Structures are given as C-alpha cells and as structure tokens.
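One structure coming up, written as structure tokens, with questions to follow.
By written order: A, B, C and D. Residues from 1 in each chain.
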Amino acid sequence: MSTEDVGDDLLETVDDEEEEEAMTAPEVLHKLEEAWLNEKFSPDLLPVKSNLVECMLDQIVAMENNISTLKKGDFRISVHRMEIDRIRYVISSYLRHRLAKIESLTTHVLQEEEKRRDSENVLMSPAELEFAKGYCNSVMTHLTNTALDHMPLKAATPNAKEIAVLPNLDSYVFLKVNENTENVLVEEETVDAREEIMDFEKGDQHIMRYKPIASLVESGAVSLI
Amino acid sequence: MLAEKALDLIRELKRTSGGTLPPFNEDKIRQVLEEVQTLFEQNRDTAKYAAEGQHDVLAAIQLRHAGIQRNKRCLLAYLYNRLENIRRMRWEFGSVLPADVKYNMCEHEAQWFNQYNRLLANYMRSIGESGGLDLTQDMKPPKSLYVLVRCLMDHGEFETQDGTVILLKKNSQHYLMRSECEHLIRQGVLEHIVQ
Amino acid sequence: MAANFTLDSNPDSYFSLDDILASQEKVPCTFNTQVSNMGYMDQSTTDTNIVSGTKLELPFWLAKSLDRGSRSIINIDTPKNYKEVYRQIFTADPNVVDLHKLGPYFYLFGGKLISLHLPDNDDIASVLLKTFQGRFRRIMDGSQNTLNVDLTSQVSLLDEQERLLFSAGQQGLHDFQKWETRESEKLSTSTMVANHRKRKRFVLSSKSS
Amino acid sequence: MLVRDFKREFYDVVQHQRVLVLVAFDVDSLCGCKILQYLFQCDQVLYTIVPVTDLQELEKAFLENAEGIKHVVLINCGATVDIVDLLQPEDHVRFYICDSHRPVDVHNFYNAVQVKLLMREDELSTIPTYDELFRDDSEDSGNESEDSDTGYKKKKFDEESIMRRQEKRRWSENRVKVLFDYTKFTSYGTSASLVMFDLAWKLSKDTNTLLWLAIVGVTDQYIHFKTPRDKYMEDILTLQSHVSRHNQRGGDNENTLSINSLKISFEEELNFPLYRHWTLIDTICHSMPIACKLRLWSLKGQKRLHEFLAEMGLPLNQCRQQFGAMDANLRSEVKGKIQEFMSKYGLDIQDVILPSFSLHYGYKSQLCATDYVLSSIAVLESGDKSRSSTDNFLEACDILQKGCTDKMEAGLLAAKLQLRSIYTQVQSFLEMHQIISAGPFLYVFVQEGTADSSYFTHPQCSIRLARFALQAHCAVSRNKRAQSLPLVLGAPLRQEEGTSLVVGIPPLDTDDERKNFFGKAFEQAAEATNTTAKFNNFDSYIIEMKSEDKSKFFDALISILQ
C-alpha cells in the first residue's frame, strides 16, 4: 500500500520528537506496519510504539479535514477515504493484538512493566497500563467473590507465580534480518547438543524459537514476518 | 475419587466448544467447595498428631492437601475460562449480550461483564485525542469503500452518518458505505455479496 | 476476532483445560507407607487405611504431589502405554497406533511423565519425538489435500494435540481456497453469532413443531 | 418527458444521490437492473433495489423506501400508468422510467418535471399531440364564471360563447377518440436491458458481461412473445456489432484470451429449448413450433417424429441419450440434417433455426442465451410455495452472475420441469377438448387442482402456456377461422381467495406486430359487469378476478368483441 501519492500535497512532514530525525508520514506508516507485524507474530508483549500511533492518528485527523474541504464529487475523496480506512485498520489491529495479549498475560505483563519502570522504553502506554490494572483486579475480585471467599483462608491465598499465565517463548517464529548481527546464541548448551552460535546477515530469513531473538526484535535488528 | 466433581466442571466446559456459554453450574461448585472444606477440616483435626511425626498421618495430610489444591485449580480454571468466553462474546456480540447467554451467566459474571465493558470503553476513548478509536470496528482489512449487501431479515430503519434513513427489509439489496454497515454484517443482519 | 485467536501462551498454564485433563491421566504407584483413614480411595479393600505396599492407579497430579518432599510416600512406575512393549510398537509403525484410545493426551501426558524423573525417562522422551515425527507427514498430507472428503477415519486415530495441528492445517487450506476465489475479502457474520442464531432457530422450530 | 441525452439528463443528475431502483419480475428487467447496478458501482452511487411483482407492491415498496429519496428508477414497470397520480410523491422526487411496455401513459410523457422516460425516441411517435389531450381549461372555465356574474349578458345567447362551447365539446370528443385509438393496442418497445446497455456504451463502460446481459434480456422478450421476429432480428444485428467489437480477439491463436474470460459468439442456434442439456427427443417434443406442426402429443405424432429422426439417419438410442453424450460426428450433423429434411414435414426455417448468441466461460460447457432465459424465468417463477418472491429474485440474480454453475444447474432442472408441465397441460387441453370457441374468441380454463397448476399462477409462464395452447389448437382444429381467433386462458390463482388469473393473447395471423387489444377489452368488460377484476399486473392483458364471476365476465367480453 504505497502512500507516496498521498505524501506531498496533503501531508506536511511530521515533526517528531527532537531526538529522532523528522520522518515523512509514509516512513512512519512503514514503521508502524513493521511494529504491527512484530506484535502480531510475537508471543510476548512488545514495547509500545505510542509515538507512531499518535502520529498516524493525527495524520488521519489531518487527512479528514483536508477531505472535508474538497468538493463533494471530487475523485480524490474516495481514494483518500480508502487510505484513511486502511490506516485506521492497521492501528486498530495493532492495538487489538496488544489488548488480547494484555488480557491473557495480565499478571506477567504487569510484572514486566514493574521491572522496566525506570528504563526508557516502557512496555505499555498509560492507557494500556490502566486497562491492565483494572482488568487484573476485576478478574481477581471475580475469582475471590465466587470461589476463594468460600474457601478456608489458608487454602484461599492464590499464589501469584503459579497463577500467572506466561507467554510461550519457545514457540517458533519466522523472522527477517534487518541488520547484520554476529554471534547470536541460538541454542543453549543441552546434555546432548552443544551450544550453537550463528551470525545473521541482512536479508536472511529464519525459522527459530522466539526466546533467543526476543531482544533483537525489540531493538529492531530483526523483524517478524 | 478426590476432586471428581471439579473434573466434571472442566469436562463440561471442554465439551461446549464454539461460542456457547453453558449454564453456571451453581450446585456442582458448591459440592466442590464442600469437599475442600471437609478435606481442610480433616487436615486441621489430624494436624496435632502430625507434630509427633507419625508417618501415616503426615502422608494423609499431604494427600488431602493435594486434593484441596486440585479442587481449587479446577474451580478457578472453570471460572477463568468462562470469563474468557464472556470476554470473547463482548467482541463478537457487542456490548449487549443476547438474552439466553445472559440467562446462563451468574450474578458475579454479569457484574464482571459490565466492569469489562466500562474498562474497554474507557480504554478505547482514551486512544488519540479526537474521541478515541472503536477497536471493535474494522475487523477485516478494508478492500472497498462501498459494499453490496443483501438484507437477511427485517431490521427496520437504519440511519447512516449523513442522515439518510434506509429501510432494511428482508431480501432487499443495498449498496452502502462499508464502515457504516460492517457491524450489521457481523451481527448477521446483512450479508455481504462479493461481485 | 482478535480476542479469540488461540494465543500460544504456555500450554501447561494454570488455567489451561487441556493441561488439567492431561494431568488426570492415571499413573501406577505403590505406597511405601501406610496412609491413615484414606482407605476409601482403594476400592479393593474395606480397610480404613491404605496399607503400605498397596498398588494403586493414581491421577498424575496426585502422584506428582506425593512424590515431592523428603519422605517418599510412593514410588511411581511408568504407565503401560509408555513401557518397553508399547515403545517398540510405536517405533515399528507409529501411523497405525490409535493414540486417541491410548489416552487423548499422549504427548502432553508424556511430557509430564518426564518431570517425574522415572528410570526410563530418556526412552520415553525419544519415543515421543519419534512417534510424532513418524505421524507428522501423514497428518500434514491429510489436512492439506482433502477438501470435502470424509476424514473421520484418519482423525479418529489422532490425539488432542495432533487434532489441533490437523485442524490448523485444514484451516490454512480453506483460507487459501477462500483467498483464491476472492472470498476472503467477504465480511462475514462472526462464527459465534452465526452459531447462536442457528441454535435459536433450532429451538424455535423444535418448540413449534 | 422523453430524455434525449441519457448521460447528461439521467446519469450525471443521479451521480451523488441515493437511488431507489424498483424492478419488475421478468428476466429482461433483471438484466437491465444488473447492468445499472454495475454502472452505479463503478461510480459509487448508493442505491437500493426492491423487486415488485405488481402495481400494488410497487406502491407499497415506494411508500416504504421513499424516505429521503430524490431519484427513483423504474425498470419494466410504471410506464403504462400515470405514475405521479399512482404514487403521490413529494414534488422533489424524480422518476426515471425505463420500460418496454407500450403505450406510454400520456401523463408520464407530458409531465416535464417529475417523470423522465428512458426510451428510444422513434418508438413514441404515435403519441397524440399535447393540445389534443390537454387544454388549459383555465380560460374556458374563466369566461364561464365571468358570464354568470354578469347575469343579463348571458341571456343574450351571443353566438361567441355557444360557438366556444361547441368547439370544446368537439375537442373533448376528439380527445376521447384519440385516447382510445392510442391505448387500443398494447405492445412492447426495445428491451430495458438493451436501453441500459446503450447507456453503458455511451458512458464507455460497456463490457462483455453487460453485453451478455443485454443479449439475455432481448432473447427473453422474444421467447415470451413480446417482440415480433423482425424487431428481434433488428436487435440481434445491433448486438452483433457490439459482440464483434468485444470478442474479435479470440480468432487467431497467438493472443488467445485467458481461459476464464467471457467469450460470446454468434450462432445459428437450433430452436429447441435447452437442447444442450436434454435428449434430442425431449427437446424436440418441447419445442413449440415443431410439436404443433407434427402434433407430437398424439401417438401418430410420436410415430411421425421417429420417422423424421430415422430419415435424418439418427439412431433412436442416440437420440435418447443426453445431447452432450451423443457421439461427436452425429451431433455436428444434426443441424444440417434437420434443415435438409424439415420441408418434407411442413417445417420452415423459422421454426427450426433461431439466430442467437452463445457463451463460453472457462472450462464450463457452452451455454446459449435461451438456456439462460429459461432457467432464470423458471427460478423467478418457481412453483414451490415455501420461497417468497424476493427469494426467487435473488436466486435468479445469482444465475445471471457469471461463474455460478451450481445455481445454473438447479435453474436448468427447474426449466425442464416447467416446460414439461406446460407440455402436459396443453396435451390434456387437446385430449379433453377444453379449448372452446365462444364466437369472437377461444377460451380455456386450467382445471382447479391439476398437478402443477402452481406454475400457471405466474404471468410469464401463463403467457407461454396460452400461446402453446393456441398454436396447438390451430394445428389440430378443422375450423379455418381458428387462425384469426384470439385466446383467453383462465388459471386458478389462489385457492383460499378463489381468485383466478385471466390472460388474453392475440390471434396467430396478426402475429407479426404482436399487438394485443385485450387490455382495453378487459377494461370495458369489467366496467360492464362491475366485477372485482383487478388490473394489477404490469401487462394490461393479464388480470385477476374472482372465479365465480368468470362466466358473467366472459359474456360481457363476447358482446364487446362481437
């Protein structure tokens, strides 16, 4: 879905935060799509790309204003409205996938967020965090009301570690290498197989377990397809 | 056998695949809780003998404790999976559940559903500045702006964004904006015809 | 759609129904000590206690928790399906065996057994792997090539995990067919709503007829 | 008011509005509607389609869907009736009538604001001039009132007001006569689908699919005896030019088209219904002209048929197999042989050969236009009660959708059943001599509770039945005048209300213009006997009435047509 034709007349270049160089809307969209695919295929919740989402939502608002100025019968209306629909689909699908993960891995995600409190790339946007907390205690209150309250106290304390639903980091994923990275530990040392180290060249495609390359996905060196 | 009733709950849930929600099995849950209570009391009563290190009593306590944990796990799993089913229904049926599904839900589940509705609504409203984004829309990648639809049942008047009112009579064909009628298609009122 | 796709979270998570059902499979155990007034668990005797040395088939979750801890209350034997005799059958021709009859959770339960560190742990692990490798090709062929042929005969031999794999393969095939005939862009009523409507119509018709 | 430039006055006006499309219940309007649907989808015009079976439903559909609608397109309905008076729309509503029924109601023609007729100009030449029909009565009534208030002046009986009153009476007599002559005969103009195809062609949006729909529409008109043969041939020629324009690439083989594109080719088809999907014997029996000429319903007729086949060198067992299953060389010779031996059996070229078009799509077998028409009309007017009329409409739409083979198979099956039921019905008419001559016309009733009388409750099927019955009767009866007698057919409509359908078809000798005067005749008969006859159908020569006052009605008809 090339959006170059949209690029020039309707959109001014997007002035992003200072530290990133200004990106044109098509680039932002491209990055958002990449983030969307990564989120779709990775078993674990990835850090949120809220700047991309915010930027594209502004884009949609800007485009809608531009369209409303056009004459009713103008041909460009249907083209741009189609554009808007598709962008909105990408954003809502991205957020839906994240929401599904938050809902099924709530406790795990909240613990991860705790660990990343001080680090820069936070896991969830404030809205998602609030949703996660709200969802988590709504489930817990429900379970306590219906079952745990009626149990003798000692047995009733749910032990958090046991209950936490963890993502299956061993599930296999397809991935494409964006940047050359050397000596990636692919297989740990096991009793019958020795340690396996691999080098990734740009453009390679692999199928492998998610755990070893989890950090690479986050850093963008590798993207899931 | 230990935790037999709890296992029935799990099997019952496993059997009803597809989008159905079986009735809330109130009495079986009560039986499971009673079993937990009796096992717990038995353990408490024999706890003092355990202090003197009699092996057979210790073994019994450990066995009964395993029974308690098993019952608890089955019960929580039963409730949790029902919640997950209800959550899935929120996305499929929309914020109002059909009557017979509500009928199968217990009081707490209904409360939980409303809470979940509110949580979701707040979250969706908070996305972006201009009034949020409805995530229950655009379920499939849009391929065309307008779609030809066929009406499967008499649905009465339907107002589009630009104010035109359309009567959705059974078997009438309409050519509408996709974004406006997508939810009606998902609800089974309209059928999308691929030319 | 998003909320209900089966997220591949940990299969043996606390709330997973399959995991609970799998851990219900029976494991043969012999008691080393006597267990006071739990006699009702052993149908063969009317004794109030479980006498030391009795052999019982305990569900895996019970066996696992009793096996823990310093005092070994029981010692566990390998279930018959995973014993030497059956292992030879599997290695001979894995495709013939009806895994569903042998316990619908053959692989899941096998995986759990390994956590018990039984003496023939490694053999069990390798037999699980080889059986799956032997059967995988037929499962994939079956799911990929038959569109509307009656498959119940083949599917009946598969265990739960294999059935999931089989239906995933078929789903992939159907989606591809749909994509080919541009059906995939068709917005359709959600499966839940459709089933719900079918049931309602069925209820109405059965009430009226 | 007649639209000269379809594009400017109809299509561009409708561009950014929502349109309500009301479609009559026959294959021609179905094809016209699908062409329009395609055009609207190209330009993203929002529309709603509602099929209507008769005037009552037309009114109901309009009332229900009129909310916020400014443009209403009527296909094959509404031209022969004063639409504005019937529907009482608000003033901003515009009607676009694309209808092949003639004569067009004078009010529609002269209503410059609200009614736009999408028809060919040359067909409306016979319409009386404006001032023959309308006088601005204002100046007449004006001077009358002016006379009365100046009391004494009127007494003078000045010749001027007498003369004006005389002239007004003569004008209104002339108006009645002109109107009577104009609406005496009902007939049909160009098919709606052809008019729609012309619009598509002018918008340069015409494709092979739309061309095929136009062909099916034109063939439907001919098969239901609405257009005479020369009009049909004329349409075929215009279509032929379009076909060669769209399909000439198929010839040389280095740039042959991809297999699943639509190829249309002109062919001198055998005039046997569904012959590609039936056995040769069945299809010949059910072909109207041959069945009548050889009187195939009698044993002697069957013998004559076998003789005919034998002479052509076609072994019986081959003729009993599916046409497709006959061995190739025999099949290819059939057409040539028939033409060679037909004159011996009194058949002429028009009975045996029908110039038409056939369609190749992908690997599917070749289908000709009549196959499409017969299967769609069989589904549109299917006998079984459980399906509502709109279900049938949608089912027929799917048949015309290219690439829908399973629906087409079902349609062909239904068509065979329909043809067989018509054939057996005619056979029972003749064997029990139910066709009776009542002086000026023949009449026949389908008996209550005959096996598949549910087919004949629908207009199109009853027309074909009446036509077959008349042709068979003329072939059999010794009475020389039979050729010049029209036929009236009565069929039970709805048991519970005791109503029946009455269809009047013109005599055989006036076959070439296909003019039908029964519309007017029925009207006068109904007035004379003030029966509950309902002129509900879009074709004026088909009416509904209570079964018990049939005899009273027929006596009045006899006196009128004497």
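Methods note: a contact is a pair of C-beta atoms (placed from the backbone, for glycine too) under 8 Å apart; a residue touches a chain by one contact, two chains touch by 3 or more.
Since we're looking at a predicted model, the values are computed, not measured.
Among the chains, the centre nearest to the mean of all shown protein C-alpha atoms is found for B.
Rounded to whole angstrom units, the spacing between the C-alpha centres of chain B and chain C is 24.
One finds 32 Å separating the Cα centroids of chain A and chain C.
Separating the centre of chain A from that of chain D, both taken as means of CA atoms, is a distance of 62 Å.
Listed for chain C are residues 1-3, 14-15, each touching two or more other chains.
Across the assembly, chain D contributes 44 as residues in contact with two or more other chains. Annotation for chain B: residues touching 2 or more other chains are 69, 76, 80, 87, 135, 140, 144-145, 178. Chain pairs recorded as touching, per the definition above, are A-B, A-C, A-D, B-C, B-D. Interface residues of chain C facing chain A in the complex, by the touch rule stated above, are 1-3, 5, 7-11, 13-15. The touching residues of chain B, when paired with chain C in their complex, are 1-2, 7, 10-11, 13-14, 18-20, 46, 54-60, 62-67, 69-70, 73-74, 76-77, 80-81, 87-93, 98, 100-101, 135, 139-140, 143-144, 147, 178, 182, 185-188, 191-192, 194. By the touch criterion given at the top, residues 29, 33, 36-37, 40, 68-69, 72, 75-76, 79-80, 83-84, 87, 106, 108-109, 111-112, 115-116, 119-120, 122-123, 126-130, 133-135, 137-138, 140-142, 144-145, 178-179 of chain B touch chain A in their complex. Residue ranges on chain A touching chain B, taken from their complex, read 53-54, 57-58, 61, 78, 81-82, 85-86, 88-89, 91-93, 95-96, 99, 103-104, 127-128, 130-131, 134-135, 138-139, 142-143, 145-147, 150-152, 154-155, 158, 163. Residues 43, 93, 96-97, 99-101, 103-105, 162-168, 171 of chain A touch chain C in their complex.
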